[in-house]
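See below for the structure under consideration.
Think of it as A, B, C and D in the order they're written, each chain with its own count starting at 1.
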Amino acid sequence: MSVTYVDAIREAQETLLREDPRVFLYGQDISKFGGAFKATKGLAEAFPGRVLDSPISEDAMIGMAVGAAIEGMRPIVEMQFADFSSVAFNQIVNQAATHYYRTGVPVPLTVRLPSGGTPGSGPFHSQSMEAIYAHYPGLVVVTPATVADAYHMLIDAVAMDDPVVYCEHKFLYRWLKAPRINGDGLPIGKARITRPGKHATVVAYSAMVHEAVRAAERLRDEGGWEIEVVDLRSVKPLDMDTVLASVSRTGRLLALGEAFPWGGVTAEVVARVCAEGFHLLDAPPRRLNSRDTPVPYHPKLWAAHRPTPESICIALRELLSF
Amino acid sequence: MDREYVRDMFRAMLKARLLESKLSSLYKAGKIVGGVYLGKGQEAVSAALGASLVKGRDIFAPLIRDQAGRTAFGEPLIDCTRTYLGSVLGPMKGRDGNIHRGRPLDGMPAMISHLGAQVPLVGGMLMARRLKGCLDGVVGATCVGDGATSTGAFHEGVNMVAVERLPMVVVVSNNQFAYSTPNDRQFACEDLLDRAKGYGLGGHAVDGTDPLACARVIGRAVALARGGAGPQMVVARLLRLSGHGEHDDGSYVPGDLRGSSLGRDCLENGIVQMIDAGFSTVEEIEAWQLEYADEVQAAVAQAQQEPTPDPWHEDWRACSVELGGKAI
Amino acid sequence: MDREYVRDMFRAMLKARLLESKLSSLYKAGKIVGGVYLGKGQEAVSAALGASLVKGRDIFAPLIRDQAGRTAFGEPLIDCTRTYLGSVLGPMKGRDGNIHRGRPLDGMPAMISHLGAQVPLVGGMLMARRLKGCLDGVVGATCVGDGATSTGAFHEGVNMVAVERLPMVVVVSNNQFAYSTPNDRQFACEDLLDRAKGYGLGGHAVDGTDPLACARVIGRAVALARGGAGPQMVVARLLRLSGHGEHDDGSYVPGDLRGSSLGRDCLENGIVQMIDAGFSTVEEIEAWQLEYADEVQAAVAQAQQEPTPDPWHEDWRACSVELGGKAI
Amino acid sequence: MSVTYVDAIREAQETLLREDPRVFLYGQDISKFGGAFKATKGLAEAFPGRVLDSPISEDAMIGMAVGAAIEGMRPIVEMQFADFSSVAFNQIVNQAATHYYRTGVPVPLTVRLPSGGTPGSGPFHSQSMEAIYAHYPGLVVVTPATVADAYHMLIDAVAMDDPVVYCEHKFLYRWLKAPRINGDGLPIGKARITRPGKHATVVAYSAMVHEAVRAAERLRDEGGWEIEVVDLRSVKPLDMDTVLASVSRTGRLLALGEAFPWGGVTAEVVARVCAEGFHLLDAPPRRLNSRDTPVPYHPKLWAAHRPTPESICIALRELLSF
């Protein structure tokens, strides 16, 4: 028996529904159908009236959930794909995110964004939008990369009084498995050293953590390099303590992400490391993002659009040889 | 028609008018920064709605022209003056201003500017009540203008509320213009009320310049929603008797429209109606006027004396939680 | 009823059905990556629209279930197979796939996934024609499902088109479900057609399983728009006879609905109608079947032989202009 | 006689309407009323049928304009406030931005965003959204800071075959004046050295260029410091040549912006300078953004929310003393 990443998301929602009467789920096709990715399978039957199908109205879905959250509920909204949250953008960044600062009343809303690319998904079913939401004050943005984090961070997100954008990576849904859901107790806001090392630090998040580990293994096999991989876990807030501690050990930084190259998590990480830990760096910091086009449909293009173990190794070799 | 309901409504209209005239003067004297948005001419619609609702039980999401509705619902004047004048003691603490105010925990959310966005929000507040098992006898209400009906937010929100069959009343004040844009550049149906059927809502038309008609029609729409007849839409015809904001002279409104029945002042109509119906007397109304003018004066004076926010002591945090002892 | 119009329409239905069955097999054989979305059961509506339009003059923005409309409008089969199979010679060059294809300069925009978004886009294409003085006799058309009517994009777009009185036809195929979500969780009006009046559009209902009715009603809506009667909305009742995509078995559609008149196969109906009306014969239809099966086979075979994109030679640029000799 | 920043925007639109029959304007209240800020005053009368009032439908406004652009027109869409473009976000980033890559057909659309804070405008009439749009491949994002740039960059934006997000700063509308519209011929994509210096570089854009110049003057008066101010002019593409050349002269970088602190232009500038010109830096790079809350209403809060000459001076003194 093993648990997949999407199972963990389902389990977390089951636990939440069971243990917290304030929790309910809202989204397209999440009720009897169990969701486009089956992340809510069986929950409508187990918790009647608390797993509700919404019309195709992303903006109203979030507006509704904010209203319910103000009244003390803990809604979890499933976007069918992160990309469709573009239509709910206003309610997320202007209604949910500003509410606490404006009124003093927090909005305990969790928005689940099935994020990131998979082969053949194309420009509108592949986007990574964490940077868009992280830009706005008032939102917490998390990006679980492990089965256990998928579970625990969703539990923690719902426990939080503020709105959380929970970016779950579709590529990990069924590919990532664990024997069981094990947690190491890290709270939201804390990064994890996924793989210790001493020659360079890769700061990554979500699916890219696994690509970074792969690249690290290759470089170990290739030349005995020991690459440290930091999994940010949450991109807002950023755990700069852990990142800086890692860079202080290695002296070298590669910030790695799957999102578009202008701005985003990698820019924020590099800018903050340089501002706060300039003297720690023995080489210019590097960034690796997707290419600067929409996410292409064809698997061959897609594989060359996002960072891969190959392109990460190239970046790391350059970094190490500086 | 319930006498107390009509008297409540009328008093709110009167108080709102006096308050708003004062806000306008303050703005013109440079005492208010930002904008001032009045509900002049729209008090009957707004107050009829506010007076039909019960604070502490119902939900009311006012928009820009709802001073009368806010007052009828029970918002104290001081919340208004503090917010306009930036008192740190107001509900928004100087962080937001003018009509962007509310007390969500008292059932009155604070609007964001984006038109239409409050519709699903109220829907969600009602959904929460349903989920908590305390929706019985509750009504949620919000107001929008003709222009706001063109937003996707309005459409999605109203449709969602209809699907969920929530006890909600949406009042559309068709004041013929959205800022400067006339109805014929805003929609192409004969009557916005035609939309009610398309959403599966109960539909009600009313002359917004006629306070007794507003009391009757809007009161009935609220009663229907409260009684389980599902969501209702009211479309009121009227004109705003001010600019879009006090920076605007509204000169784009043609004279003949101003002179038409749409341009009648609902407050003047209301005075006549109150007296004719025996709901009040000239003397009583005059006494109210004096009383409210004093109240307004006091609310302004108090807010003006109060401290404005101090950036050095401001709690610059957009999230309520802390992580590891640090603000997010 | 124009014989040639009906024959064109029917042939497109037939060809689309054959093409889509092939796509389904290819998907199930693992030859197509991503998804396959069929219009099975919806060919009559789609083809009636496509066949009413004139490529080179009109605008047609198909959605996910419009293979028949595309074919009737004049999209070559090879555009479809190349896009599904990722040929670099296709209109999308492997950059986008499946139904996300088009040739905007030939009047057929390439849909984005976000439902409702094509409505204002077609409106804008028509606006451009008006501004250029060449709108005369032009029609723009698009299709959506019942679910898409809940989007703000649809609402804003339809309203804008109505305000501008553009010659547009919006066809809503109410196939009772949006993915798995039934009508009663999508809208609360008795009939989506009730929305037409609320927007100020001409409204037309049609049984989407009845090809001749589709030809008549949709043909008439297009003719009205073309003739200057303003924008039109058609609401067709039907069922999709496939899953949402070929990954989905559609098991949430209740059996009695499948067995009802909504679940009839428009293509089977069409064969009977064509013969009964004397528009065609069994022999001719059988000949078409053979001919189209070959065409489909050839289009698939050709696309399969063609090169797929090569990341090393791909022009990785999202902007057409260069600044200082560099890509943006 | 003098020309204000908003006059320049009006003039540019007049020139464009006069000289290019493909140009038309679409927006709320822009026709007879002349726009909320009078940026289209008189144009409806001068160009009948080409300056059109739209319904309050930002999403459809952009959708419509993309359609018109595909058909060969050159629409300019006025958002009443940048903040309301949140409702048009999907059409901008998914329809307009992806069109060229997907279809090969460029979309010559210009979206005017009245941006940035002014006293009393509050959370929803003050936002700076350049970073949001710059994140997406396929968009050009410009941020004119001078009267001449307001004019010429709008002309250039409309001449461009790709969608341009033109961020005009409301604070500059009437405050910024010039004797006449003078251009120095810089194209979009080229930054300008607004004020030469040698001790530190401030990279700024839009209204912050003027605050940077004020701070530079104070530091000159105070201690003879010579601060170089670079006006990015366009935030996508970024003119790294000019930025790096400046940093190579001064060795010190402050990236300055009015937008929210997570991500954004300052992060991108710092990250790229560090990646591409690490060895040029003699001190850790610094960033200064707004505070991490919604833009507050009260003028006293507002003034402390955005960078000011005072806070810029503080940052620069720290940078100089490193």
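Throughout what follows, a contact is a pair of C-beta atoms (placed from the backbone, for glycine too) under 8 Å apart; a residue touches a chain by one contact, two chains touch by 3 or more.
Keep in mind it's a predicted model, so treat the numbers as computed, not measured.
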Shared interface partners, meaning chains that touch chain B and chain C: A, D
Of B-D and A-B, whichever chain pair has more C-beta contact pairs: A-B
Whole-Å separation of chain centres (CA-atom averages), chain B against chain D: 36
Centre-of-Cα separation between chain D and chain C, whole angstrom: 40
Cα-centroid distance, chain A relative to chain D, in whole angstrom: 30
Where chain C touches two or more other chains at once, by residue number: 92, 95-96, 100, 112, 114, 150-153, 156, 159-160, 163, 185-187, 317-318
Shared interface positions of chain D, touching two or more other chains: 54-55, 57, 59-60, 83, 86-87, 90, 94, 97-98, 101-102, 123-124, 137-138, 236, 291-294
Touch-based graph of the chains, sorted into line, ring, star, complete or other: complete
For the chain D and chain C complex, residues of the former touching the latter: 24, 49-50, 54-55, 57-73, 75, 87, 90-91, 94-95, 97-106, 137-138, 140, 160-162, 187-190, 236-237
Residue ranges of chain D in contact with chain B within the complex: 28-29, 32-33, 36, 53-57, 59-60, 81, 83-84, 86-87, 119-125, 291-294, 296-301, 303-305
Interface residues, chain B side, partner chain D - complex: 33-35, 86, 92, 94-98, 100, 112-115, 147-148, 150-153, 178-181, 185-187, 252, 308-312, 314, 316-318
Chain A-facing residues of chain B, complex: 91-93, 95-96, 100, 102-105, 109-110, 112, 114, 117-129, 131-132, 152-153, 156-157, 159-160, 163, 317-321, 323-324, 326, 328
Interface residues, chain D side, partner chain A - complex: 83, 86-87, 89-90, 93-94, 97-98, 101-102, 123-124, 131-132, 134-138, 236, 255, 259-260, 262-268, 270-271, 274-276, 278-279, 281, 283-287, 291-294
